[in-house]
Structure formats: structure tokens, C-alpha cells
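Next, two complexes with chain A in common: one pairs it with chain B, the other with chain C.
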Partner chain A sequence: MPASAASNRPEDLIGRLSYAESGAKLKALREVKNQIIGNRTKKISYVKLGAVPRIVDILAASEDDAALLIQSAAALGSFACGVDAGVRAVLDSGAYPHLVRLLSNPDPKVVDAGARSLKMIFQSKLAPKYDLLKEKNMEFFLSLLNSENENVTELAASIITHSCETSTEQKALCDAMVLPRLICLLDGSLGQRDASLDSLATILKNNSEAVSKFVSLNNGRALRAVIELTKDRYPRTRLLACVCLIAIGIASPHHMQELEIKTKLIGILIKLLEEPGRAGDEAPFTLAQLIANKEDLQKLAFGVKAVERLCNFLQKAPLTPPAKRFEGILLALAELCSKLESCRSEFLSLQALNIVLTALKHDCAEVRIAACNCIKSISRSVKNLSAGRFTSETIVAPLVQLLYDPVTSVQVAALHAISNIVVDFTNHKLVFIQNGAVKQLVQLSKSMDSKLRLNAVWALRNLAFLADRIRKDSILQELTISTLASLIYDPEPPIQEQSLALVCNLVDGGVDSIEHVFLEDGVIINAVAKQVWRATTTEVCIQGMYVFSNIATGNELHKEAVMHHLLPQAGGFTQSVIIRFLQGTESQLRTAAVWCIINLTYPESPNVLDRVARLRQAGIISQIKNMVNDPCLDVKYRVRTALEQCTFGNCSISLYLLNGVHWFGFSLAIYWETTVLLLSSDALLSRCKLAMNTLVNLREMISFHVSLFFHMLQLVKALR
Partner chain B sequence: MPVRVVENSTPSHASGVNPECALPPACSLLSVGQAFAGTQNVSSVQKDEAWRVNVKIQGCDLDHGYLCGTMEALNVPLADTPVVTFWEGEIVDIKNYTFFTKKWEATSETDVRHWSKFPSFSPLLSQVEVDGGKSLDLSNYPYIFMRWKEQNFVNVGIDCGLTIAGFYYVCFSCTDGSINGFYYDPNSSPFQKLELKSKNGGGSGFRFSSYQLQ
Partner chain C sequence: MSKKVITREEWEKRLNDVKIRKEDMNKLVMNFLVTEGYVEAAEKFRMESGTEPDIDLATITDRMAVKKAVQCGNVEDAIEKVNDLNPEILDTNPQLFFHLQQQRLIELIRNGKVEEALEFAQEELAPRGEENQTFLEELERTVALLAFEDVSNCPVGELLDISQRLKTASEVNAAILTSQSHEKDPKLPSLLKMLIWAQNQLDEKTTLLFERCQRSFCVKLRFVRHECLGVAPRPSPSCRSYGVIPGGCHGVAPRL
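And then the complex of A and B:
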């Protein structure tokens, strides 16, 4: 009948929804529902044509017409199923309270339809939060959970999964004896079981108290039941059981110590990738979560050939958006290769890198991020970095391209990967300069977003590591002195730290490199000094001291500048910042400070004695004398070197003083005298006093003479 | 100005409570970017036959007892250019590696014979003979023992007529950053000695560069 077919056009159907006659309305509702079921495009076009408010009107107006209530609720549920635009339309049309009202209808079929529809809504993130902490709400919720109706109990479980977010809510649910009921539901229908597992994971997540309650229920039978469900026939049930066990393991590791369970979980999750549909899509994300930051689990995963199997699935996963599965596998591989070299070399040997490189150009931002994470993990291999394995055009070019990505989180992920691959020991760094990477890194270091700034500076710092003069100059030319100074002054301490580490790398390379910090009236060295004096975080101070330490390897002017910035000036601070660092609790900071002293007192530089004297006057020498038994071995031995140099410094200068055969002969004569006689030698004393006006007290004089004594002894030996 | 330094260099036995804490000391002279220079005596008989050697530290992961870098041999006979190899090191930290090699054709006797060449090893000898040093706490010991295994040639092919089949027993001194080592390869002349000193980069002082992986 052609006429009837024509009347099934969406516009006509929507018109018929407003008919007064309930039979016609019912027929139109059924028709709309049948058309949209499982058809995303149809749902969206009906939403656009305004079908949803019409259906809500029917729901609101049909107090006692069960058939209309059921059909309108079902149609709304269908709109809300899997399409966010549908959920939004249903909620915006005010359907929610009407659907909730259906749950109290005397007709069980109406209740069922209402529950189904609400369940769909609660599966979406857009659903309203159900406040479980309100007493009335909790009562109503419990009535749903304890209902005989399957869909109503599933709705209750969905409410938990959607609305239970805080530990207070988790506790409220535990106190309301929700756990035993959920465990009962594990024996129910497929839907009830899955919904129950999902809710259990929500209640147990990061809550060790809830976990111990759960584990002690029914003499541990609950935990065993969940473990049993990891072998279930249905893939989604297996996945949810894994998720639940992982939540338990994260909240209370001691409940999941058995190696066997962990290995099984890894095996089940990888096997789930064989399943089409949601379970298979979500499995790699769950696997990534399970092994994140856990080297022992990553080892177990490697043992069951996880890298090889995931790479195989990666090749098979569909690349068309939304490509959730593809993203998940990339993330799982990223976690797997985050710590273990064995996983990285396996990954590289499987030629999987090419697929990851393709993924860098994927339409979905999430996939691009996951691909960057994967490269980040793989490029933690110093062995492969050293071999220059990541500096080929095919890897660098697409990553640099992502620095221009419109999505900030993609840019950040690309910066992470780039920070690693620029660490290159064979001076392939030119590839980054030619690809315009430096230019864009500098741009991003000026971003308003602190994450972009941090990671851009981090990449520049790694790029400057052991770079030759040309590379360093090109970085600095692009960056400019003033931008570098403002990065050192950045409000965020981690950015200050990376900027100082960048300066440290830039000035490692001889006198010419050191000159950079003195350009433009010394803005860089001034900035470093300001941060060192006022910084509150240890990491910033450590990097700052290494910058000074490197500057102190330069010429006399450079060393003098370091002295100027680190010793208290007249009218300024009373104590040198070096003393504060030497007295600090962090051994790495003490080490950095001692290195600075070592370089300032490095033997055979012309003004070393003067510097030793000033360091002594500032109380620094007596401070390091107290550190010869520092609990940190590195500090202890560096202190010893510094003290030896201070002593040696005195002697070499004394030789300047004792310049000439006459004085030398005189010194040798002294060598044969007793120390007392030596001390009474007025002539020598006065000359020494003249030259070393800081050595005023007798004790230090004695120590000076004793060192002279030994020095002479060595000379005599050498002459013989 | 001599200062009396109280030595505390006798190894103590690990309490066994938390072996994770017993890692060897981190030493700024053995960090990434540091360079060393010295010689390797190719023959223990002919003292004059020595290659000049440069070593650079490229990676260091104390948690995994891992160290790596390059080794450059300068005046290698029959080679036109300096020969650079990439090596990976195992730090004897008891957590990841003990004094017993258990691979690379080295028996525990080979191990003890080589380690014993280092004077700093003698206080440890008796315990190492018992269990490879499993019960030692090296966290406060001023020497770091390592095995360095060359993995590949960097700038020449494998047909260069040189071998990297063996590995080095290495002892690093935390006090002055010097490195001593003995090459072991059943097919090469025994006890080829490697002697390296910390190189500060040529300026007047020690310079530091660093990178940090993400």
C-alpha cells in the first residue's frame, strides 16, 4: 500500500505523535521506536526533527494508559542508548522525573519499561548524578536494588557505577549492606551479573576498607566467585571480573599477591582481544591499567609473550575512527615497554614501530596521544638512543608535525616523546634543527599553558646535552637570552629546574660556551643567582649550583663572577647560600655545592689563594671541614678533594712567595728545623702575613706551615 | 692543611631487613656525560703494548644496576681510525647482580681470580667465595664493582679483525673517580689491564651535563 509507506516518513510520523487518538499515537510511537533501534543516523535525524519532546509529552500525559507509557518509555530508552545527542535530548525534554515515576507504577510491565529506559540513561556520562547521601534517595535506591525485577536491579547497579564517586559514598553503600546484595546478584541473570561486577569495582576502587569488608563476606566466597567469573563463557563478564579484581589488587595489594592470579588476569585480558565488540575494545585499557608502573607485572606479561601478541593484534585492529581498540593496544604496549628493556627490544624486533608511526597521523587525537606514549616508552632505551635508532626522518618528521597539533594534550604527548629521542650521543641532532623542531620548541616554551612550557624546555635541555658548539648556538639563537632568562624566572619550580638544567648543558663546553651567561649585561647569570638564593625547591637549587659549578671551570673572570654571586655581599645577606646548601639534608645538593667549591679552588689558577681566603672568611672552609664524615659517600670524598685543593692552593702560592733560590734555600733550611723554630722565623711570618692577610690566627698559621713542611718534603724527594 | 679523614671502608653485612636499601652509593663522577681516559695493556708481558682508551658514560639506571656507554681505543694496530664500541654494564649491587657472572664463559673461579686482582676486593673475598657476596652490604663501600660487556662496534664493521667476545671486570673508585679493569676472554691474552682516570673536559674544573628521560 504505497500511501501508507509514504506516511512513514519521519516528519509525518512525528506529526502523528500529536494525534489525540491513543491508538494512532501508539502506532506512531511503535513505528518511531522500530525505525531508530540500533540506527545511530536515524536517532540523530529524529532528534533534530524534535521527536523527543513530543514523546515526553505522551509519557507525561498518559497516567493510566499502560501501553502508551510502555511504548513512550521504550522509545526514549532507545534514543538514549549509545548516542550522547539522544541522551541530551531526552534529559533536556524533562523525561527523567516521569521515567522515575514509572518505577512506582502498579503495573510491573510499566515498571520494567521505565527501568530499562533509565538504565540506558545511566550508562551515559551525561546522566544526572543520583545523590546517594540523601537519606530518602538511599531508601529508594535500596528498594530498587532489592527488587525482584531484573531490569530494576540492573538499574540500581548502573546508578552505583554512575553516581558513586567519593569514599563517603562508597562507605554509605557499604553501611547500607549493598555488598551482600551485589554478591547475590552475581548468581543472577547475565545482565545482573555484569551490572553487579561493574558496581562492585566502583565501590571497591581505591578503598581498602570496602575491600576488606568484601573479602571477609561469606568466608571469602565473594572473592572466589569473582575469580571464578574470569573464566565465564561471556567475554564481557570475564572483562568485568578482571576489572573488579584489579580494583581489589590496587586498593589492597595483599589480597592479590598470588602470582598465579596476576598471570591469569594478564592472559585473560590479552585473550579478550580476540573478541569483537565492547569487551575486546576495553580489554587493552584494562590491561594497561593493571600493569601501569608495576615492573613485576610487566615482567609477568613479557613472560606470557604479551609484546608479541599485542603487536599481532595491533596489526589487525581497525584503524577507522573511533579506533578505540587500536588506541587501547597502543596504550598497553606503552605501559609494557615503560620499564623493561627486554620488552622494548622485542617490540623493535617485531617491526611494530612502523604501525605506531602511522598512528601518529591518525584522525583521533586519542590515538595520536597513545602512539606518542608508545614512542616515549620505547625511546627510554639508552642502547637504542646511543645507536641513533630514533633520529631517522621517518620518526622525527611526524613527531615534529604533532608539535603543531590543534589539541594541547597531543602536543604535550609529542613533547614527551621528542624529549627522549633528542637524547642522542652521536650528534645526529642536526635532524631536529633541520625539521624546524627547535623553532617550534622555542615557540611552545613561551606558551600560556604551563605543561607545554615545561615539556618544551625539557626537550631543549635534552637536546643541548653534549651538543657541539653549532647546535648550542642554534638553540640559543632561536631561544634568545631574554626568553631563557624569563624561563629561569618562571613561576613554576619544575620549569625553573629544567631551564637551569638547560643553561647547565649550554655552558658545558669551554670558555666560549660560558660567555653566553654574561651576554646582555649578564641577565642569565643574574637570573640563576636570584633563583639559587630564593628558591625553595631542592631540585632548582641543585641545577643552579651545577650551573655555577660549570661556570667556575672557566677563566679567572668567570670564577670571580661565581664568587661574586655566591658569597654574601657587603650589606646583603650575612651567610653564603653555599653554607645553607652544605648544611642541607639533601645529599645531592650538598654534592653540587661541594663541586662548586672544588672548581673555584681548582689548583694552578692564578687567584686561587685569594678565593680560598675569601671562602675561608665566609665560613665555607670550616663548614666543609665538618663534613669529612658526611653520611653520603659522594659528598664525603668530594669534600676531601676540596680540602686537599685548599691546602695545595696555599702551598702553591707560598711558592710564589718563596720565589727565587734564596728563598727556596731558606725554605729547605726551615725544613730541617723544628716547627717551633719555623714559627719563630719572623721574616717568613711577616711575609706570609703580608700576602695572606686572612690567615691571621696562629692556629691557621701552624696548619699553613705544616702543609708547607710536607710540600717541601715532596720537593726534596723530587730533587733527589 | 691536612685533615684527618676517618676511614669507614670496611664492608658491613646486610641486615637482611631491606635489601633494597643496600644499593652502592651514587657517585657524581660515574654519572651520564662523564668521561674517562687511560690505557689498556693488551699483553700482560709486554708492558709497552698499550692502547689509549677513552670511555664515556651514556646511561645510568641504578635501580636496575645498569650502566652503559662507549669505549674508544685510539692507537689500535692495523686500524685506520680509532675503534669505538658500545658497552653495557652490570653493577654488582647484590640486588640485581652479584660477584658471580654465571655467563660469558666465566665460572665462579674465573670471577674470584679476576676480582682478586683489585686490592679493594680483598676485604670482600671470603664472603664472595661463600655466596657470591649475596649477604654483603656495599652501600657504604668506596668502590663500585661492575662488569662491562661490549655489545657492538659503533664505527667499524665486525670484519675489522678485532674481537669483543670477552668482558671487563671493573672496579670504580668513588674517592677519585679512577677505573681499573681486567679483560676476560678465554681466547685472548689473560688479565689485559684497563686503567682510566676521570677526565674533566679540559677546563679548569669538573663540568657536568645531564639529560632526563620522560
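And then the complex of A and C:
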């Protein structure tokens, strides 16, 4: 029948929705519904053609025609299912109150249709928030939850999942005795059970009060029921039960202390990956959430071969696993490798890095972000970093490419990964410079987006870490002194902090490097000084003081410049900023300040006596004398050194050597400790040995160790 | 490793020690009838044995109508029926939706409607292929049917088999059952699978001195298997099955 086939064109159908008599209207409505169900493309094209408002008109005008009500509600529900544009169209056309009206229709089939459609709407993020705190709303909501109709109770549960966000709302629901009803629903139909688990997780999330209420219900049977459901035959139910238990565990850890449950949860979630569909897609996200920032759980996961199994899924998966699942697995791997070196080496030994590298070029932005996160975690491995494992062209090139990504969050994720990879002790940094990364990093550091700016500067800071002169020059040449100065003055304190840290790394390593801050009339050092004097954020002050400490390692002119900027000027402040820092509550800031004094009073520099006198005059020496028993060990030791230098600044060399031996022992101890903890870098060890052999002068050796220790500290801070 | 020897007396004694409740067996039968959709048989069985089905028998009729529509190649009709039953099923189950559309394409090709088939593949199926790599591969396989003169002899010819329709039909059946919170597979076949496993274990680890017993056990089993594991569609299911199954399993069920 070519005639009828032609009349099923979307335009004709939509026309008939408005103008046909009721029989033909119903037929057209049903046809539209059947065309759009399951079909994203059709939904979008019908939305564009304006079908939704017409269907809402039918819904509004059909008082007692059950068939029209059912078909129009079903069609609207399908528009709202899985397509954002559809949800928006349905809501904008004012369908919501009409659908709610259907819930009190005497025909149960009409009620079903209305409840299903509303449920679809509430499953979308775009749905309006249902204000549970309004008494009237809560009453209506409870009537839904306590309804006999399966679809209506499922609707009520999805209202909770969608709208319950604050602890006040959680409490209101608990007070309205919602928990016992939800527990009842756990024995209901498959849909009710899943919806109930979902809402339970929402009510219990981060709310220890709600959790203790839940746990005490029915003598703990409720909790046992949920635990039981983790073994259910339906994968989605298993997943939701896990989500619920994780929410309980996070809100009040003592209810989930049993190791066995945690191990089981990890096992169940990994096993769920074998399931096709939604449950399998969401399982790795839940796993990632479970183990996030929890080293004990990550150890457990490693114990049940989580890394190996996740990598296997990646390797076995067809050419392109569904994007969502791919993302989830990468995120779970990123969490697993975020703290444990054992996980990282397992990951690398399984050759999984190649898959992650292909994921960097994935079409879906979320997958690219997840891949970057994965590389960020893996590159926390100092051992592999220093072996230069991550600085090959195959890793660097795609990461640098992502710096040009159209999606900002991908750029940020790539910057995170790059920040870690460029922390490198060897001369692999060249790869980055060759790849034009510096140019793009500098571009991003001028971005209007503060996140991009922050992370770009962070990456530059790490790139400058332990870099040689040529590299520092090339960074500075690209960045320019004036941009660096404006970054130091950035309105965002975290960006100020990173910019100062970048300066700190740039001036580290010899007199030549220090000269950078005096270029262009000392615009950099002036900026640093201004921030140090006026900044209110401790982190900014700390980095500023480290910049001055580094400058103070230079020649007499450099040291004098530091004195000039840190001591109160005539007519300016009455008290040196150093005193304020020394009296501060933050031990790291005190350490940074004392370091600066140590470098300024370094013996054997020509004008040391004069400087000590001026520091004494400024009240700084008497201040550090009060700090010999500082509660922070680090501060305490540095204060002693500073005092010895200030008191014996002009003493004989033998005394100095004695002092040096003390220092040597101390810094060596710290150095070895840090080494064992942090790295077994062959490159560094050999460098150290070489240094030991060639440095005859004990003092040089000491200073080498001190600066090495300092680098270590920075390294620890630089790695994320 | 020596096999354990079991004498006839011992065997029978063990069998007699195991008591099975008749109601449980009836439930098992009812579960089979409901899941497989033998609505008349289920109704009769309910009246005769007093076993209440765990689902409204009226829903079986709707489900069977959908299943039958697919089995007869009326896929469009089946889709409309599923959507009337519960619009969520196809909206939230992309794989099933794709397989139904694929079946529709297969039917068009079977009926020689090449133009229509191409248009349908392009309009309806291609967007699904873009969303999912696996779907794309299946779609390519299906469209390949158009390339052959003699489709029955081509590498993808099995798509035109009746078994493809049955596969799709049972997938729809399972999805509807799940949406009704009913298990998608009857319990009986898996029980039988376990039975066969148990029998193999017995063969491996023991020697039954009573040969005749074992033989009769096998005969019964084969009979049962033929009755309920066969996937061939029977247009009019008979009530015969429920008389046989409990008897068939009775002697050996406790081994499970």
C-alpha cells in the first residue's frame, strides 16, 4: 500500500496528531510511539519536527478516552527515555502536571502509563527537583510510595533518587518512615527491588544518622537483606546492592568493617564486568568509587587480582568496547594504581599501557579523560619515571596532542598526566620541548579558564624541576618574563602558588639561573616580594619564601636583593615579613622562612657579618632563638643550623667543619631515608656516588646533600 | 584411583531415603508451563493439581502472541505488541531492539523486497550500527544476504534459517518475562543439565553393580529430554508433558 506508506512520513503523522478525528488520531499517535521506541535518531527528529507539544495537547484534551491517554503518555515517556532533547521538549511542553493527573485515574492501565512516563522523566538529570521538604509534596510522595501499583511505587523511588540531595531531605524522608517501606519493596518485583536499592543508597549516602537507623531496622535484617542481594541472579540488582553497601560503608565505616564483605564487594564488581548491558557498564565506576583514596581497599583489590582482571577485560574486549565501559575500566585502573607501586608494576608488566595509549585517541571525551587519569596514576611511579619509561615519543606525542583538545576537561586531564611525566631526573625532558609542548603549555597558561591556567603552570613548574640551563632558558623564552609576572599576580591563589613554584624551580641550580629574576628591571623578584608581603594564603607565602631561599644561594648581590625585599624598608612596614612567618602556625611556612635565613647567613660569604647584624637588628635572630624547641622537628633542626651560622658566622674553619659533620650526618640520614622511600633511581644513585668520589671538600658534599634533600621534598610535592 | 562400588541394595536404600514433596514437583512443572507459555496446559494443571502460578496467566497470552508473531515473521506486529505491553522493554534494551529490527530486515530480504530492505537498513539500522560496534558487524553480515543470488547457499545463509527467528523470539520472550519479574528460563532444563552432570560424575567415580537400574534411568532421562529440552516450536502444546516430567525425574532428583 504505497499510499499508506507515504502517509506514515513523520510530517504527515504529526499533522494528523492535531487535525484528525479521534480514531485516526489514536492510530497516528500509536504509530509515532512505535517508531520512536528504542530509536534515538527518530526521537530527535520528531522532537525537531515539534511532535511533543502536539502529543501533550492530546494528553491535556483527552479527559476520559483511556486509549488516547495511554498512548500519549507512553509516547511522551519514550521521548523522555535516554535523549536529553526529548526530556527537555516534554518538560517544556508542560506535560508534567498532566502526567501527574493520570496517577489518580480510575483505570489502572492509565495509571501505569502515567507512572512509567514520569519515572522516565525523573531518571533524567534534566527533570525538575521534587521539593520533598514541602509538606504537601511529601504527602503526595508518600501516597505514591505506599501505593499498591508497582509502577507508581517505582516512580516514588525514582523521585527519591533524583531529588534527595541534602541531609535535611534525607532526614525528612527518614522521619516520614520511608526506610521501612523501601525495605518492604526489597521483597517486591524486580523493578521495585532495584528502585528501592537505588533510593536506599541515596538516602544513606554520607549520612551516618540515616545509616544507623537503617541498620537497626528489623534487628539488622534490612542490612542482611541488602547483603544477600549482592548475590542475586540479576546483574543490575547485584550492582545496586553493592552501591548501597558502599554508601553505608562510606557514611559509617564501622558497619562495614568486616574484611570479608569488602573483598566480596570487589569480587562481585569485577565479576559484573562480564555482564553485557548497563550493569556491566556501571560496575567499574562503582569499583572505582569503592576503592578511591582507600589504600587498604586497593591492597585488597590487588590481592584478588583486580589489576590483572581489569587489564584482561581491556585486552579481550572487541576492538572497541562500549565507551562507557571502557571509561569505567580505565577509571578503576587509575584508582587502583593511584597509591600502590605493586599495582603499577603489575599494570606495566601486563602491557596494558598500549591500550591506554590508544584510548588517548578515543572519539569519546570521557574515555580520553579516563586514559589521562590512568597515565597520571601510573606515572606516580618514581621508579619508572626515573628509568625514563614514560618519556618515549609514543606516550608524549598523543598526550601533547590532547593539549589541543576541543574539550577543556580533556585538556586539564592531559595536563595532570603531563605534570607527572615531566618530573624526570634524566634528560628526557627534551622530548617535550621537541614536541612543541612548551609552546602549547604557555598558550594554556594564558587561558581564560582558571583550571587550564593552573594546570598548565603546574606542568611548566614540573618541567622546570631539575632542568638544565638550556631547558630553563627555552621555557622562559617561550613564556616571557612579563607573562610569568602576570601569572604571579593571578587573582587565583592556587595559580599564584604554582607560578611561584615555577620561579623557584627556574632559579634553582646556580648563579646563572638566579639571574633570571633580575631580568627586565627585576620585574619577577618584585612580583614575588609583593606576593610574599601581601598574600594571605599560606601556600603562596611558602612558595614565595622558597623562591627567596633559592635566590639567597647566589652571590652577594643576590643575597643583598633578598635582604632588601624581606627586611622592613624605611617608611614601610615596621616588622619584617620573616618574623610574621616564623611566628605562623604553619610549620611548613616556618621551615621555608628559616631556610631563607640559613642561606642568607651562609658562612664564608664576604658580607655575612653585616647581614647577620641586620637580621639581628630586625629582631629575626631573637625570634629564631625562641624556636630552638619548635614542635616541628624539621623546623627545630633548621633553627639550630641557622643559629649556629649566625653565632659562629666568623668562627674558625674547624668549628665550622664540626658543624658540618653534624649536618652531613643529618642530611645524609634524611637523604637515604627519602631514597629508600621514594626512589631507587639508578641514575640518581650513580650521580650521588660520583659526587661522593669527586667532592673532596666536605662542605661541598654537605651542600650537595642539603640541596638534594630539598629536591626530594619538592619532588614529593610536585607529584600528585 | 579406584572407583567406588555401589550395590543395588545401597542404591535403592539411598533413593528411598529421599522424600520429595509433591507440591515442589508441581511447582516445577507449573514454572515450566508458565515460562514456556503453555497457557492452556497451565490452566488445566492449575485446576487439576491446585498449584497456583506465580504470575497472572492472562499475561502469558500477550507474551505468546508476541512470540508467535516473531516466529511467523511478523516482526513489526511483534514490536507493536511489546510496546503496548510495556514501552520500557524496547526503550531500555538496545540489543533486543536491534535484534528485532535485524529480524525485520531479514524478513524483507526473505520476501525479496530488496529496495525496501535497503531503505530500511539505511534508515533504521544504520544509526544503531553507528552507536554500537557489535551491531554494525551484525548489520553488515545481514546486509551481505543481499549480495548473493542463492541465499540458501551463502556464508550467512543461516540468518534465513527458522532457527534465527526462534532465537529472536526467545530473546523477546525472555525480556518480557524479566520485565514481569519472572525468571526468563524455566527451572526444569537446568535441573536436567545438573542431572546429566551428576550422572556423568557417578559414571566417573562409581561402579553401579545394578546395571539394569542404570539403563532404565537413562531411558527415562532421554524421554524427558526429548519432551522439554527440544527447542522446536510446537504449535499446540499438549498437556501430556506434565504427566511425564515428574515421573521421569522422580527417581534421580535427589542426586541434585
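The rule is simple: the second predicted complex is superposed on the first by the 608 of 720 C-alpha atoms of A that agree within 3 Å, B and C clash if a C-alpha of one lies under 4 Å from a C-alpha of the other, contacts with A are read in each partner's own complex, and residues count from 1 in each chain.
Here, a residue touches a chain if its C-beta (ideal position, glycine included) is under 8 Å from a C-beta of that chain, and two chains touch if they have at least 3 such contacts.
Being a predicted model, the structure only gives us computed values, none of them experimental.
**Q** Once chain A from each complex is brought into register, does chain C clash with chain B or fit beside it?
**A** Pair status: fit.
**Q** Scan A:S62 for contacts with chain B and chain C and give back first, second, both or neither.
**A** Neither partner.
**Q** Look at the residues of chain A and decide whether chain B or chain C touches more of them.
**A** B
**Q** Contact-wise, after the overlay, does A:S78 reach chain B, chain C, both or neither (first, second, both, neither)?
**A** second
**Q** Give one of first, second, both or neither to describe whether A:S252 is in contact with chain B, with chain C, with both, or with none.
**A** neither
**Q** Tell me which partner A:S189 touches in the superposition: chain B (first), chain C (second), both or neither.
**A** second
**Q** With the two structures laid over each other on chain A, which partner does A:S199 touch: chain B (first), chain C (second), both, or neither?
**A** neither
**Q** Applying the touch criterion given at the start, work out whether A:Q411 contacts chain B, chain C, both or neither, answering first, second, both or neither.
**A** A:Q411: touches no partner chain.
**Q** Now for A:C504: first (chain B), second (chain C), both, or neither, which partner does it touch?
**A** first
**Q** Which partner does A:R40 reach: the first (chain B), the second (chain C), both, or neither?
**A** The answer is second: A:R40 touches chain C but not chain B.
**Q** Working from the superposed arrangement, determine the closest approach of chain B to chain C, counting only CA atoms, in whole Å.
**A** Superposition on chain A places chain B and chain C at a least C-alpha distance of 35 Å.
**Q** Looking at the complex, which residues from chain A come into contact with chain C?
**A** Per the touch definition, chain A meets chain C at residues 30, 33-34, 37-41, 74, 77-78, 81-82, 116, 120, 189-191, 233-234, 276-277, 318-320, 322.
**Q** Using the touch definition up top, name the residues of chain C that touch chain A in the complex.
**A** Those residues of chain C that touch chain A are 79-80, 83, 86-88, 90-95, 97, 124, 127, 131-134, 178-181, 183.
**Q** Flag every residue of chain A that touches chain B in the complex, lowest number first.
**A** Those in contact with chain B are residues 341, 376, 379-380, 382-383, 385-387, 416-417, 419-420, 423, 425-426, 455, 458, 461-462, 465-466, 501, 504-505, 508-511, 546, 549-550, 552-555, 559, 591, 595, 598-600, 602, 604-605, 625, 628-629, 632-634, 637-638, 640-641, 643, 646-647, 650, 703-704, 706-707, 710.
**Q** Over in the complex, which chain B residues touch chain A? Could you list them?
**A** Chain B residues touching chain A: 1-6, 8, 25-28, 33, 56, 58-59, 61, 66, 68, 70, 86, 88, 140, 142, 151-152, 154, 174-176, 200-214.
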